[in-house]
Each structure stands twice: as C-alpha cells, then as structure tokens.
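Next come two complexes, and both contain chain A; in the first it sits with chain B, in the second with chain C.
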Partner chain A sequence: MKKVFYVWQREVISLFTSPVGYVAVAALTLINSFFFWLIAKSWPFASMQPLFGNMSITLLFFAPAFTMRQLAEEKRSGTMELLFTAPLTDVQVVLGKYLGAFTLFLFSVVASWIYPAFLAIYGSPDFGPIAAGYLGLLLIGGCYLVVGLFVSSLTKNQIVAFIGSLGILLVIFFLEAAIQLPDNWMMSVLAYLSLSSHFMPFTKGLIDLGDVVFYVSFIAFFLFATVRSVESRKWR
Partner chain B sequence: MLSWKTANVGRLSGAVGLAIVLVSGVIGIAQRGGITTPVFVALLVGLGMVTISFFSSGAISRRQAKYGTNMVVSILLFGAILGFVNYLAHRYPQRIDLTRQGLYSLSDQTKKILSNLQEKVTAMVFAVPGRGDVELVQDILDTYARQSDKFEVKTIDPDADPVLPKLLKIQEYGTVAFVTGEELEQGKPKRSHLVTQSDYIDKDYTGTQMGRSPEYRFKGEQAFTTAILGVTQGSRQKIYFLAGHKELRLDTDLRAFKESLEAENYEIEELVLPKTYKVPDDAALVIIAGPQQPLLPGEVQVMVNYFKGGGKGLILPGPLGDPSLTELVSEFGLTIGDDVVVDPYSRSLFSPYITVASGAAYKVHEITEGFQAQNVMTIFKTARSLTVADKTDPWTVTSLVETTEAAWGEKTDTRRPRWDKDQEVGGSIPMAVVVQGPATDVPAEITVKAQSEEFGLDEVDLSGVPQAQEVPSSSDSQGPAHSAETKASPDAATDGSSEEDGANQDEDPAAEPAETKEADEPETMRWADETRVAVISTVGIVSGEDFMTTGNRDLILNTIGWLVEKKDLISIRSKDTQPPPLRLTEDQKNDVFQIAVVLLPALILAIGIVIWRRRR
Partner chain C sequence: MIEVEGISKRYGDLYAIRDLSFSVEKGDVVGFLGPNGAGKTTTMRILTCFFPPAEGKARVAGYDVFDDSLEVRRRIGYLPENPPLYSDMTVRGYLRFAAKIRDVPSRQVTKRVSEVMGRCGLEKMDERLIGHLSKGYRQRVGLAQALVHDPPVLILDEPTRGLDPAQIIEVRELMRSLSQEHTIILSTHILPEVSQVCKSVAILSNGRIVASGTPENLQAGVEAVCHLDLQISGSMSGAAELLSKVSGVLSVRTDPAPEGAVAALTLDYLPEEDPRQEVARALVNAGFGLLEMSTRGVSLEDVYLRLLKSSAGREWAGGEPPIEESLQSGSTGEEAVSGGEELPEADEAVSGPVAREAEVKA
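Take a look at the complex of A and B:
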C-alpha cells in the first residue's frame, strides 16, 4: 500500500503542479456553476437533483482529460519503462495512477460544495439526497476515470486516449436511453450496464446496494483490465 | 509459414464472419425490441469467425496468441465473477432512503400486505417511456416489487401496445392497473383495479393565482396498497341499473360510464323489478339512469323501501318530466322540476340549456373535495331543477353543485329563454344533491295486496324490501309500529294510475312462479345502517363524450364511491413530492452568479497560475 501511495504522490504532484489540471477543474467548475445558477434562478426548489444530472454529463467530457496522459504520455515519452523498472508491481502502478486522477476529480467535487452551501443559506434543503447525490457522483466519476485510464493504457497518443475513452463512456452512459423498455434478457443486461440508470437513484436520495456494487464492480473490472493491458507489454 | 489452403480458409472465414456480423447487426438494429437470441448467437459466431481469421492470418505469433488468449480469458473470468456478485446484489436488494420524509420507504402496513400476498399481482404502469411524470410512481412500485416476489411491475407504452390499454379500459396516461391472474395475455385478467393520476396525486392550484407553483402531494402508497387489497381480497361490489322503462342503454348510451365502473372493479347488471319484485341482496347500489317511461307504483314503493332501509341509489332523471321519479325523490324532501335549468352566467357557448359548473359552483363535501382547487369543470346538459324542501327530516340533504343566483328552470321550449317568475323556480338551483339518513326499520317480509296488484299479482311476497340491521326476526316484524299495510297504503291510495299500470305487468308471466317460490322462503337481509341517495339533475352527465372528457367522470365516480362507502382500506399519510422551496431575490441571484460562476473558477485558475509560475 505504501508503494501505491508513492505512485499516487508522484501523480498528484505532477497533476497539481502543472496548469493543465487547474484549467480542467476551473472549466468544469465554471460549467457546473453556470448550470447551478440557471437552475437556482428558474427552479424554485432547494434541491440539487437536476444539477447532479448535469454534473454527471459534464464530468463525462472532462474525465478523459484527467486521465488521457496518465499512461499514454508515459509510453510516448519513454518514462513507462523507468516506472516499471522500479520495485513496483503493475497493480501498484495502475492503482496509484488511478487514485491520482481521482484526487484531481475530488478537488473539483470539493469546489462544488459551494452549491449546497448556497442552498442552505437561502433555503432549507434536504441534505439526505444531496449526500447521496455526491456519493453517486464520486462513484460515477470513478467509473469515468477508470475507463479513461484503461484506454490510456492502450495507446501512446493522448488525443486517441481522450477520444477513445469519451466514445466508450458516451455509449455506456446512454445505453439505457437507447434501449428504453428492454423486452428480453440481453436488452435487460445491456440496460443494466448503463452508467446513467444506476446514477439516478442517488440523486433522489436513494443508496441502493445494487447500484453501489455495480459501480464498484465496474471500477474493479476496468482496473483489472488496465493491469492486464499494462502487463501485456511483456509479451507484445 | 502458413499453407496456401490455411490462408484461404482464414480469409474466407474472415469474410463470411464479417458478413454475418454486419447482417445480424443490421437486423438487430432494424427489428423492434432490439437484439434477440438468434441475432445474438449469430453475432457471436460471426465474431468467432473473424477471430479465427485473425489468428490464422499470421499477424500474431503463437506466443502472442497464447498470452493474448490468457489475458482475454482472465478478463472474461473476472467479469463473470463480478457479474455473479452483481446478480447477488440484485437478487437480495438493500436500499437506504435518505430523503427527509422517507419518500421511497413503505409503511409497515404495506410491507405486511406484500409479504402476505398469496397470488401474483402485476402493476402495469401505462406511460410513455422517458416521460418524467410517472417516475415517482415507478420508483415506489419498484420498492413494492423489492418487498415481494409475488409483485411485479411492468411499464407499458400505450402508443406502442394499444391492445392491453383497450383490454383494461385505460383512459389516460399515467394510469396504473393492478391485475391478478395468469391468463392476462390470453384475455381478461382475473381481477383488475385501475389507479389514475388523480387517485395518487393531490394537485393544489390555489396558490398559482398568487404566482406560486402548484403543490403536489403524493398519496400513491395508500392508493396502490388499497388497489392490491382490492384485487387480492375484496369481492366485487355489484351495481344494478334499473331497466324496463326505456332507460339509457348500457351498451350504447352509457358505454363509457359502464366501462369506467367496470374498470373500478364494480360488477354491472340490469335490474327489472317486475321480474324480481325486489332489489337483490347483493346490490351495493341501484342506478336509475334517465327512464323515459314512469316506474310502476309498485316499483316506486320497492325502491322507496329499499332506500329507506339503508339502500344506496343514484338517480339521474332524463330531460322529460316523469312523475314517478318525482314521487320517489319526494320521500327525501326533493322535487325534480319539469323544466330545464338555464344559468346565464355559466351557460355553454353553444346552448343556454347546457350549464357548465366550475369554481364556486362546487359546495363543500368529500365528493367535491379539491374540485375548486383543481379547476374541475362539469357539464350538465338539459338539466332539470332540483328543489329541496325546507324540512327534510329525518334526511340530511347536501348540495354538491349549484348554479349561480341568476339561474332558473325554464318550462317553455324556446330558443330565447326568459325567467317567468310566477311559473318557474329561480335563484341558486342545486344540480346535484346527496341525501343521508339513518336506515328505518322496514319489515323483512311484507305482503302488500295493493303493491301486488300493481305488479299484476294478487299475493306476492315482497321479501326483497330492505330491513335495517336491528330489524327483529320476521315473526316480530308483524308488530303494529311499522306495519307494511300502514306504510304502503297512503302511497297506493294516492296513485291514481295503479289500474292502468297494472295491466302492463301481464307481459311477464314467468315472474310468477319464481316469486311464489320466494314467498315460501322469506329472505332476511342485512343492510347498511345508513341510507345514501344522490340525485343529479340530468342523465346527460353520464352519457356521451362529455363523461370522459370533462370533470363529469370525477364527479360521478366520486359520488358512487361515496354512495357505496368505498373507502380506502388502509390509511397511509401522503407525502410531499416536491423538494423544499427556494425563492431567490434578484440580489441573491446576482450573488450566486458572481461568487459561483465568476469568482470560484477564477480562484482555481489563479491558484494554478501561481503554482505554475513558482515552479518555473
């Protein structure tokens, strides 16, 4: 775990000392704040339910930016080999990098706490759904990042990593909307794999064990796939 | 080095596989309902052939193929394990409801009812997919389904699948049908109960005139659990329509009305009194819908006794004057005018003889609760005036709907009606009233010569007349206090048309043996303690298109629900569907914009720039 921490520390320093991370978080916050302002001025309720929906979609476009350079850039610049000659396992490297990207994402989430603060100042919001919504946001954000990391492990090109992970995320996110009413088991399975359908209950204040298990499984699956993808350098 | 044959087989396999993938993919996209099992299998076969082609092409070495396969298999295996974990989480659902008022949590009553379900209940939500108006309904019903294996939820798009809505008589989007029985797909469900949006959401528009949003309260759990009890435990209540006097026909004029009642789980049957001589024991309600011929005096007496003994009735006079109905309602202190109501302030654009009731026309009663707030509009075509006597003891008469003060009952047929003060009633005229009162002791078994003659029989046992619950045994009921002779005589004596009407009864000779048999076996019946009769000024309220398109349906179904004392079997508090309010002033909106939209992102950017510059 200590070695994971070292990798995470390296990632965080790298992300927070370059302007790219700040620009991404500032842009994400700007968009989220704009939606919050629009909703607050036109929707007369002290709730973050519609904003969470917007935030989950906005984040879908930014998460690939958080992860696109993590492995792709290491490959391109040749630092990948240096990293793997250190006394670290592939799992530790992947976990450390993932947690690094997650920390940057967490920074943007903390910045968004200003919205419930406004609601508390001007109204009397129900904090239960807000807390559940943030949990859902962390989980779905975790899914976006892991897909980004996985795609980043497949290529040396950051742009390819960005577009590839965005494409995959868009398809998985909107799977349920495309299927609407599943009428056979395959459609039901595909609808179940949709990221958005598991997110909505959180925004309503519901924490469903099934949804949490789905997101954790999703993250675990892509982390595993990323580790195997990184390992593949040994025999490719 | 691959042989020529192997390479060709590989190429062929790749081409065929690719074609299969493309064709099955196109079929999967084109066919309604998405990818079916055969298409899925074809896709797998196609992909397998493409993979074989890839491996046989020599693009990768044996070592790479070995490790690659190992990688793919390990990922698939890990995915399968995670899939199983997800299955378990889905199979044994656990949920935490963090909403302040427990919006998605079920009451103990509902949980108990669901855990005791003996047969499968399916809730069908008829809604267009993607529309948010039934989202809460689906969420709550999903919670029901989590509670019991015997409860299932289906969402049906009425536009895509019009057969089921027709079968279940669904009239509006957002309706939830609770059905039992396995034979649904082959035909009619064993039992069904419809819950419409107005049943599960209370809408209050009173604040909208002051610029506030309408308020919604969700009472879905009470409505749904009651519906489940209705389809699993409750027996269907029977409503009889009086027939034999050229009333509006059930299958044509009153078709929509009949279907609505059936959808509410009532059983409908016609009642021909000269055949039965009594109101059947299982009658929850008798409806008299616009008779064009007068009721026979004996029928009037049976109906009066039925009502007085705790019976329930809905009387809907037709546009033509009918003295027998007037006689019937006079027992309760009411008069049905031989006229047509004209209300210049709430008349229809199309005719002065159509009154459109809304707003303040509705009086305070549980039947009309929420009508004012929800801007419900009811239409009364060619309504006859109702007049309530000054003294109605022992009956309590309550007005449900009234005209404005400017209305009157027009007696002459004219295109330009005017109020004749001397001849016509005027002022605020009740359009719908309900009568309530304690059931009186009516003998369980009476033999009334006068009444029998009206039916064309000399000695007939009118055992069907109602009795109160406290009625003594049949031998005791012969006492002088409520002798049928004394009760019936004045009515029979005052009716001058008895002989004339009596002649008509010869048309049904088959009735005699049946009634003779009943005379040997006098029946004793249990009636409710309270008489409830509703009189609505026109049968037009339940006929034609207006019944479905206006508030007429709500008024009538609410009235019938009140008459048969159909109450919710359980009581569960309703919940606010809306989040807490937030009303920002212009200054506050500006503050939010400046701090959240301008300052916060700028601050993050500034931190980034400072750190970047320091590092440089």
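Take a look at the complex of A and C:
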C-alpha cells in the first residue's frame, strides 16, 4: 500500500508540474460553466439534474486527456524500466497510476462545486439529489479514467492513447441507443452495458445498488485488464 | 552472485539471446561486449526482472529472477541504456522517489539521496528539473538512481554513452571506486573501457557468448601481430632496410617525415618471436640514435573483431534453418554498419596486418 502511495505521489507531482493537468481542469471547468449558464437561463428549477447529464459527456472528452500519458509516456521515455525493475508489483504500479489520474479528476469535480453554490445563493436546491449526482459522476468518471489507462497501456503514443480511449468510451457510452432497436435479448444486454444508462438515476437522486455494482465492476475489470496488458511484456 | 543457466529469449522468430550461460562472482566487474543487437540489453533486462527468460534459469544473490523477482529487484541497481528519467521532476525529487520505491527506509531516504548526489557530482543540481539538464548530468542522475539503495549488484547498460571525454573518465573512476564493494555488470561497445574497468569480459554475438575471460587472456588467446613503434635519428631508408633483416620482424613501415628530422618507424612482429633486443642492438651498432621504442600489444579491438568475424562464419557454416539464417544475417548487416561507426580505428587494426604483409612481399 505504501508503494501505491509513492507511485500516486509521483504521478500527482507530475500532473501538476506539467501544464496538462491545469489546462485539462481549466478547459473542463470552462465548458461546464458555459452549460451551467445556459441551463440556469432556461431551466426554472434550482436543480443540477440537466447539468450532471452534460458533465457526464464533457468529462468523456477530457478523461482521455487525463490518462493518455500515464503509461504511454512511461513506455516511450523508458521510465517503465525504472518502475518494473524496482521492487514494485504490476498491481501497485497500475493502482498508483489510476489513483493519480483520479486525483486530477477530483480537482475538476471540486471546481464544479461552484454551480451548486450558485444555486444555493439564488435559490434553494435539494442537496440530496446533488450529492447522489456527484456520487454518480465520480463512478462514471472512474470508468472513463480506467478505460483511458487501459488504452494508454497498449501504446507508446499519447495521441493514439487519447483517440483510442475516446473512441472506445463513445461507443460504450452510447450503447444505450441499442434499446431503440427491435426487442431482442442482445439489444438489452448491450443497453445494459452502456455507461450512460446507469448514470441517469443518480442525477435524479436515485442510488441503485445495481448501478453502483455495475460501475465498480467495470472499473475492476479494466484495472485487471490493464495489469494484464502491462504484464504482457513478460511473455511477448 | 549471479548464475545464469541456458537462458533464451525470442522476439518473434528472432532469438535475442540463445542458450546463454555464465556466472559472476561477488565483487567481479564483468564487461559485456558486442555489437548492437547482440543481446546485451536483453540479458540485462532478464537479470533485472524486467521480463523473465523464455527458457533457462537465472539467479541473482541466490534468488531466482522469476520466482523471487521482488527479492532480486531489491538487490539490483539498474541503469538502462536510456536513463529512465522523469523530465518534469527535480533531481532530488526523482532520487527520493527512486529510493522510496526501492525500499530505502523512510528515515534514511534524505541521507541516502544526499550521499548519492555527492558521489555522482549532482549537489549543485538538486533543485533543477531533470528536463533542463545536459546529457552528461542526465547520465549521472541515471547512475545515482541505480546507486541510491546501495545495491550489492549493479547492472549498467552503456554507462558512458553520450558523455564527453572528461565525463567518461569521471564515470570510469566512479565505476572503479564502486567495484570495491559491488558486483558490476556493464555493457559497452567502447573497447578501451573494458580493459580499463573490467576484471573479466564476455563477448556476445547473435545472442551467444563467443568468448569470455580476463581482457589479458582474451588478448593472449588470439594469435595476432604485435607492433613496435620506434623513433630514431638518422637516415630513415637505411634504418628500414636494416631492420627488415632482423629476425622476427615481419615488416617495417616508415612514416613520412622531413629529411634530417626524427624518423618514426613501425615494426610488426609475432609475439612469440620478440625481436626487441635485436632491433635495439642492430640500430645502435649501425650508428643510429634510438630515441624511443614502445610496444603496442594485440588490442582488444583485434580480438573483438576477429571473434565477431569467426562467429559469423560459424553461423553460416553451421547449416541453420534458412529462414532464421536470413533474419540473422539481416541483423548482422546492421551491426556491421553501426560497429564501423563506433570503431573506426579498429577497422584499420584488422585490415592493417594484411596490408602490411603485402608491403613486405613487395
């Protein structure tokens, strides 16, 4: 656990000494603020529900930027050899990296607390659904980041990592659209696997254990896949 | 300290190393010599547990690199060919990180980092970002990273690569001082480095060890021509004629010099027929002034190039499967080119004797 902490610590130092972290958080906050302003102008209730929907999509575009360099850059610059010849297990490295990206994501989440703050100043929002919405945001964000980390482990090139994870995320996010097709078991499975279909209940203040389990297992699965991908250097 | 038994590693159809065995005693400094692509880096990556061998066993300090990989990693300091540096960290921050992930107790981290920065000459650079450092300093940071946990075994992949001559000497000094208390494996294709630093040498070619031993033994094992450099005063052509008659002298070359100045000559002779006494006597008796006489033994370069040539020859004669053959010859072609870049003087050393013999006959 201490080793995970050390890897995490280095990751955070790196994210905040390079401009990538600041730019990503700033740009994400900018676009979210624009949507908040639009919604506040047109929506008559002091609620975060529509904004959470928007944020889950803006984040989808930014999460790959948080993770694209994480393993790809290690491979390209050769620092991979430092990590994997030090007494660290592959699991410790992957977890440390993941938590590092998650920390950056947390900063962007904290920055978005200005929106409920505005709502509280100019209206009287119900904080229950807002808290549930944030829980959902953390979970769906965790899924975005883990896909990004996984794709980053497959390549040496940051751009490839970014585009690749963006593509995969878009597909998984919009799988829900399959439900519109004629009813058939495969369509409902695909719709179930969609990231977006599990998110909407959270924004309404509904925490369904099934949705939480879905997101947590999604994250666990991709963390496992990332560890395997990193391990593949051993038998390739 | 290090025992390797029959390890192999393939990339696709191409063997990076094949059935490699060797052992390194505690306190030894072993040099891996070989062209690019000979398998030096692959062997090092196996010893440092970056990946396990496909076949065979390797043990470091009694621990298997596959079964007890974490124990091995604790005991190894590794400097890869490209120093594994995070350009967005400060030198101190980076070394602290390296110390912590290598199990240096947290109370000793600060002390160890300062120590190792002193040893590698990095004290003034401690708060610089690694990305802003020159190549020489980066290499030092890489070396510091390998030393920070005071490992009993050091594995250094081309530790003097990209350094200027003064820095190369510094790093060699450092390695020499480290060899007191560490077991070191280093790879290089700079040959003088090996004879200066290493107690023994293993020459790799196409994933195999083609020769190993102390630098002296390797040099003795190869039958080659020795050279004798002379500086004399007096008529050069007369001296050349005189010396070519001395028994044991194979050939005489004169270096063009203005008339009346000091003349420089080079003699070739076989080591077993040492003509030095005869040469001196003949010159003095004939009235020449003998100003300087020095020998140039068989250089390690001679040994190296000869072995590489003969190992390539064996591969061809061995009747290996044709597809593998073509792949290997492809890689040897590449090696020959890069080897030529690195060792211009070595090329002369090989073509030299042949040309000289021709001269004598003429």
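Criterion: the second predicted complex is superposed on the first by the 232 of 236 C-alpha atoms of A that agree within 3 Å, B and C clash if a C-alpha of one lies under 4 Å from a C-alpha of the other, contacts with A are read in each partner's own complex, and residues count from 1 in each chain.
One rule holds in what follows: a residue touches a chain if its C-beta (ideal position, glycine included) is under 8 Å from a C-beta of that chain, and two chains touch if they have at least 3 such contacts.
Worth saying up front: this structure is predicted, and the values here are computed from it rather than measured.
*Asks:* After the alignment on chain A, I want to confirm one thing: do chain B and chain C clash, or do they fit together?
*Replies:* Verdict on chain A: chain B and chain C fit.
*Asks:* Please indicate which partner A:Leu149 is in contact with in the superposed arrangement: first for chain B, second for chain C, both, or neither.
*Replies:* Neither chain B nor chain C is touched by A:Leu149.
*Asks:* Taking the superposition on A as described, I'd like to know which of chain B and chain C A:Ala132 touches: first, second, both or neither.
*Replies:* After superposing on A, A:Ala132 lies in contact with chain B but is clear of chain C.
*Asks:* In the superposed arrangement, does A:Lys3 touch chain B (first), chain C (second), both or neither?
*Replies:* Second partner only, chain C.
*Asks:* With the two structures laid over each other on chain A, which partner does A:Phe221 touch: chain B (first), chain C (second), both, or neither?
*Replies:* Only chain B; A:Phe221 stays clear of chain C.
*Asks:* After the superposition on A, what does A:Leu82 contact: first (chain B), second (chain C), both or neither?
*Replies:* second
*Asks:* In the superposed arrangement, does A:Thr17 touch chain B (first), chain C (second), both or neither?
*Replies:* So A:Thr17 meets both chain B and chain C here.
*Asks:* To the nearest 10 degrees, give me the chain B-chain A-chain C angle using C-alpha centres.
*Replies:* 160
*Asks:* Of chain B and chain C, which one contacts the greater number of residues in chain A?
*Replies:* B
*Asks:* First (chain B), second (chain C), both or neither: which does A:Val213 touch?
*Replies:* A:Val213: touches chain B, not chain C.
*Asks:* For A:Phe118 in the superposed arrangement: first (chain B), second (chain C), both or neither?
*Replies:* First partner only.
*Asks:* Shortest C-alpha to C-alpha distance from chain B to chain C once the two structures are superposed, in angstrom?
*Replies:* After superposing on chain A, chain B and chain C come no closer than 6 Å at C-alpha.
*Asks:* Once the two structures are fitted together, what part of chain A is touched by chain B and by chain C alike?
*Replies:* Overlap of chain B and chain C footprints on chain A: residues 17-18, 235-236.
*Asks:* In the complex, go through chain A and note every residue touching chain B.
*Replies:* These residues of chain A touch chain B: 16-19, 21-23, 25-27, 29-30, 33-34, 36-37, 40-41, 43-47, 49, 111, 114-115, 118-119, 122-126, 128-129, 131-132, 177, 179-184, 186-187, 190, 192, 201, 204-210, 213-214, 217, 220-221, 224-225, 228-229, 231-232, 235-236.
*Asks:* Which residues, counting only chain B, touch chain A once they are in their complex?
*Replies:* 33-37, 40, 63-64, 67-68, 71, 74-75, 78-79, 82-83, 85-86, 89-90, 93-100, 103-104, 129-130, 139, 155, 157, 213, 578-584, 588-589, 592-593, 595-597, 600-602, 604-605, 607-609, 611-612, 615
*Asks:* Which residues, counting only chain A, touch chain C once they are in their complex?
*Replies:* 3, 6-7, 9-10, 13-14, 17-18, 77-89, 233-236
*Asks:* What does chain C use to touch chain A in their complex?
*Replies:* Against chain A, the touching part of chain C is residues 11, 45, 48-52, 70-71, 73-74, 76, 78, 80-89, 93, 97-98, 100-103, 129, 145.
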